[in-house]
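Got some structures for you, see below.
Each of the two complexes below includes chain A, the first together with chain B, the second together with chain C.
This part shows the complex of A and B:
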């Protein structure tokens, strides 16, 4: 009220909200901040990359002429496409392993008594707050020659000397990504399981289903949307990751993410790096669209 | 029922246990069942027999334990004490999926990812019945509930009433001998609820399956059931036909649970013969029917309950006495006369005991009520209209 008629009832002008802009203008200004800021901070750099991808370098110089040569180079060069396909395969493997692991974890959590359940879910989410690098170094500690795995095997007498085979190869990348990305898989599945009304399980029970039949016919189909979202997360994060392969992958673990990184770093070929990023973005978008469709099956739509 | 107030004679059914007759078998027997949640006793020593083929309703306010009782029978919770015997066998250790009855849940509990026909056929599918047989019987069950042609829809595409019917069909298809219904109409709007009440009642008659229905809605219980079991605070207050509960309440709770009631305090039984009895009250000596006396004998303190619509009015002065026609007559002064549609509601002060007011409902008639505030009148009611409750409430 004071904004509309500031002087009235002895309220001094500027005492309330003040004689500022009229309501609609305020709203518009607010909307500009809310929508504009992310647009500038997130979309503008992305757009810049998109533009970069269609330029090229001449020596150290970036030539600002439109060209498709970056994409042609990528498609025609065997070593690039091989890394690309290898990385897609790696991401699919990580996704599948995590699907099994994440589902098992989420299901166990869901079956816990309520007083344990949320504490443990929180524990599962805590690593998300930790630095990514620390998590990877922690995995190096597990997989390395002085790591837990080697120490255990030596202690058990399975091997005499610590083995180097657990680190600096593609398997190390697989294991590290699976562990680090597990929360992204388990949490959406857990949420989907939590959303299943208890009466549905009781109804299934009541109608004569065994526990396995209830799982197979009710729990599993109703948790699939969550599993789809989790699979999407882990795939997209795994396919573009460069830090884990960099730190535990060695030469064998040279992935697409590292390839992109190297173009910006060592090679200093930003246009080619941007083009490779655009390809990655395209893969991610396709996966997200597919997952979004699969994640909302037709029975959910009225 | 419409002329009860003018000539309150018919209406009261003396017999508490009338419905399917004594030869009808007991399908489900609940013996001394108690249930504790931690230190809280939510069910206390419940005894209840459910007869084969009846529509029995467990009625109570929220927190009365009615849903807990249903969940115990359904096998969703374990009992603390007592036995539940189905068809002669104790079912304490029988898991839910082996119990020979089915539940209709309050929120319908339809599987959202299955079509209607798959929902309905679920009980047969998990038993390994062939796909063709399942579909045929599911179609038949859908026909029974009037949903032919809805088989390929998903639950999200159905209205509340349709979902309820699917839930019923899903329970019916297993051919249970008993169906447990947990407030199945609570989520429906008033008009649809009335329609579903009639539908449920008709379905129960047609199939002959015993229905054990749980609700907090008095009207629903009265209009649908053969017998009603009123619960409060974890105990059974009274079990009987709807008429018996309405006209022969045994407790204060039941007397005031179904509609309005005049409770006349500090009465004392003065005669309890086999033919009829009489009770001294502040209104004077009232004649009561023999069946209302129930467990009371001479000298017992009682409260007399009379329904407002069981009381008639006669203009003019009168003595408090039992009239020549056997009706109780109480001299009153009218305080308010209020037209409320089909009935006219009168508040009358008892002349012999001015601190007692009687609520009286007489049928309205065109041309206005024949009585007005300030009039003297005589309130009339049959001995059979009086129910007796234990005194000092």
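This part shows the complex of A and C:
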């Protein structure tokens, strides 16, 4: 890659015969890449976005004047706050359902013999490398009028004709997000379970604990950090998503992510879209910070 | 009371223990069945939708049932006649290669810098910045870049998508390279320098060969991420399109059966990529165990 690496600090200067270029210049160039590039492509855009949230539009024109009116509009307008609360509720539901399902799956895989365990863990990870949008689309084949749910119900004679009730509503979004985000929950829990030393379980067993007691007092507390990380991922991804609601949600599945996205498309009000995203960012940051605290138990904190 | 119980226990301790064990084993078995069922259902939910798409790319449906003798490759033929999709595919590949390369260069520079000062605050700060686009909802990364580009007067196109993807995959590439770098013994570098190698030579002949596997793994994973990225891309793509953006447009319009064929091809590509990654990672694990 680059010729920018002047070696490591902390290496004794004994071998410091320069590579031909003056070392201070190399060091400066290196520091410029390390600090400059992330500042330009990550921090500067985030700063621009934060500033935009405090500007406003006048027709098609963006007025570069500090104002809180975007936030006032958001708080005062019932339809915006309703969408916001609905989306928070949706993300919490998806997170809780996946916490239960993800834990069950991770625990089951963890108890399996090694040969099966890693094959199935790989099978759990493979969907992560499949296109997100394809997975959402594929859920239409399950929930739609031609989907398996309808086909099964017709086959069993529960219904005569396929029903349209499984697709294009909020429940479809719930189901789709749960399925698509499940590996994000199950994998961190599995990793946490794998880290538990076998000797701890043996000790618990030798001291006469039942399986349930071992689970309750040893396994569960030690796997909570993984569960917290999984819950964080699931919540943050669910709360900001606009693709699943757009593709399977219909009108009822109008979520906060779609509201934000529409400000950059049809509605064309970038400052308002930025302000809505600041609210989203606030929620995400609170969750990330809480998860980071809870995810590293007291005895592990420095 | 207690005396009675203990007397009974004394009389038939084996029977009582057996009874307790039987009850416990039954409970364990019930829990095991429940967990097994949930796990099977979850795997079914993960894979059944994809299998259906796969089937529907070859067969037709009538009243919710697959018509097995309707096998045809028509949708695939239609697909290859669609020039827009070919263009989108080329765009996706180009974006993938460029952003993966850029991310590796950046990640290496940052990883070396951080590895040299493991405890410094500055290193912590730079790591935090690198992880931001990975942790924040993608919608925020996307619209930040959109606003940033507009402010400096860069119009949307493939170049802006490349920047977006570089930023998005950077954290993963960085993490993979740093982990490997930190596992290398410091004495490797010291020995090389003591033997009179320049720092550039040390980098070229000592560090780079040791990092090769990490870089290959990171590149494959990053390429897979970039190839599928949709949410950030939608903000930055402008008039052109990548494959997922093209798919998104097709899906929104409604149902066109070619989608199933295209989706199947993309999935096959993803699976090949996954197997390649598994091979590389597996190979490295064997290296370590020897």
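Following the convention adopted for this analysis, the second predicted complex is superposed on the first by the 271 of 302 C-alpha atoms of A that agree within 3 Å, B and C clash if a C-alpha of one lies under 4 Å from a C-alpha of the other, contacts with A are read in each partner's own complex, and residues count from 1 in each chain.
Assume contacts are C-beta pairs under 8 Å (C-beta built on N, C-alpha and C of every residue); 3 or more make two chains touch, one makes a residue touch a chain.
These numbers come from a predicted model, not from an experiment.
A simple residue count on chain A separates chain B from chain C, and the partner touching more is C.
By the touch criterion stated above, A:63 is placed in contact with neither chain B nor chain C. By the touch criterion defined above, A:34 lies against chain C but remains apart from chain B after alignment on the C-alpha atoms of chain A. By the touch criterion defined above, A:210 reaches both chain B and chain C. When the two structures are aligned on the shared chain, A:197 is found in touch with chain B, with no touch to chain C.
When the two complexes are overlaid on their common chain A, residue A:104 makes contact with chain C while staying clear of chain B. Look at A:218: by the touch rule set out above, it reaches chain B but stays clear of chain C.
Taken together, the two structures place residues 210 of chain A in contact with chain B in one case and with chain C in the other. By the touch criterion stated above, chain A contacts chain C in their complex at residues 1-12, 14-20, 30-31, 33-35, 37-39, 41-46, 48-49, 52, 101, 104-105, 107-109, 120, 122-124, 126-127, 129-135, 137-139, 141-142, 145-148, 150-151, 154, 162, 179, 182-183, 186, 210-212, 236-237, 239-243, 246-247, 257, 260-261, 264, 270, 273-274, 277, 280-281, 284, 288. Within the complex, the chain A residues that touch chain B are 197, 199-200, 202-210, 213, 217-218, 221-222, 297-302. Interface residues of chain C, counted against chain A in their complex, comprise 24, 27-28, 34-36, 38-39, 42-43, 45-50, 52-53, 56, 61, 63-65, 104-106, 108-110, 112-113, 115-117, 126, 129-130, 132-133, 135-140, 143-151, 163, 166-167, 186, 189-190, 192-194, 196-203, 221, 224, 227-228, 230-231, 234-235, 244, 247-248, 251-252, 259, 263, 266-267, 270-271, 273-274, 277-278. Residue ranges on chain B touching chain A, taken from their complex, read 74-76, 95-99, 102-103, 105-107, 109-114, 122-123, 125-127, 154-157, 170-171, 174.
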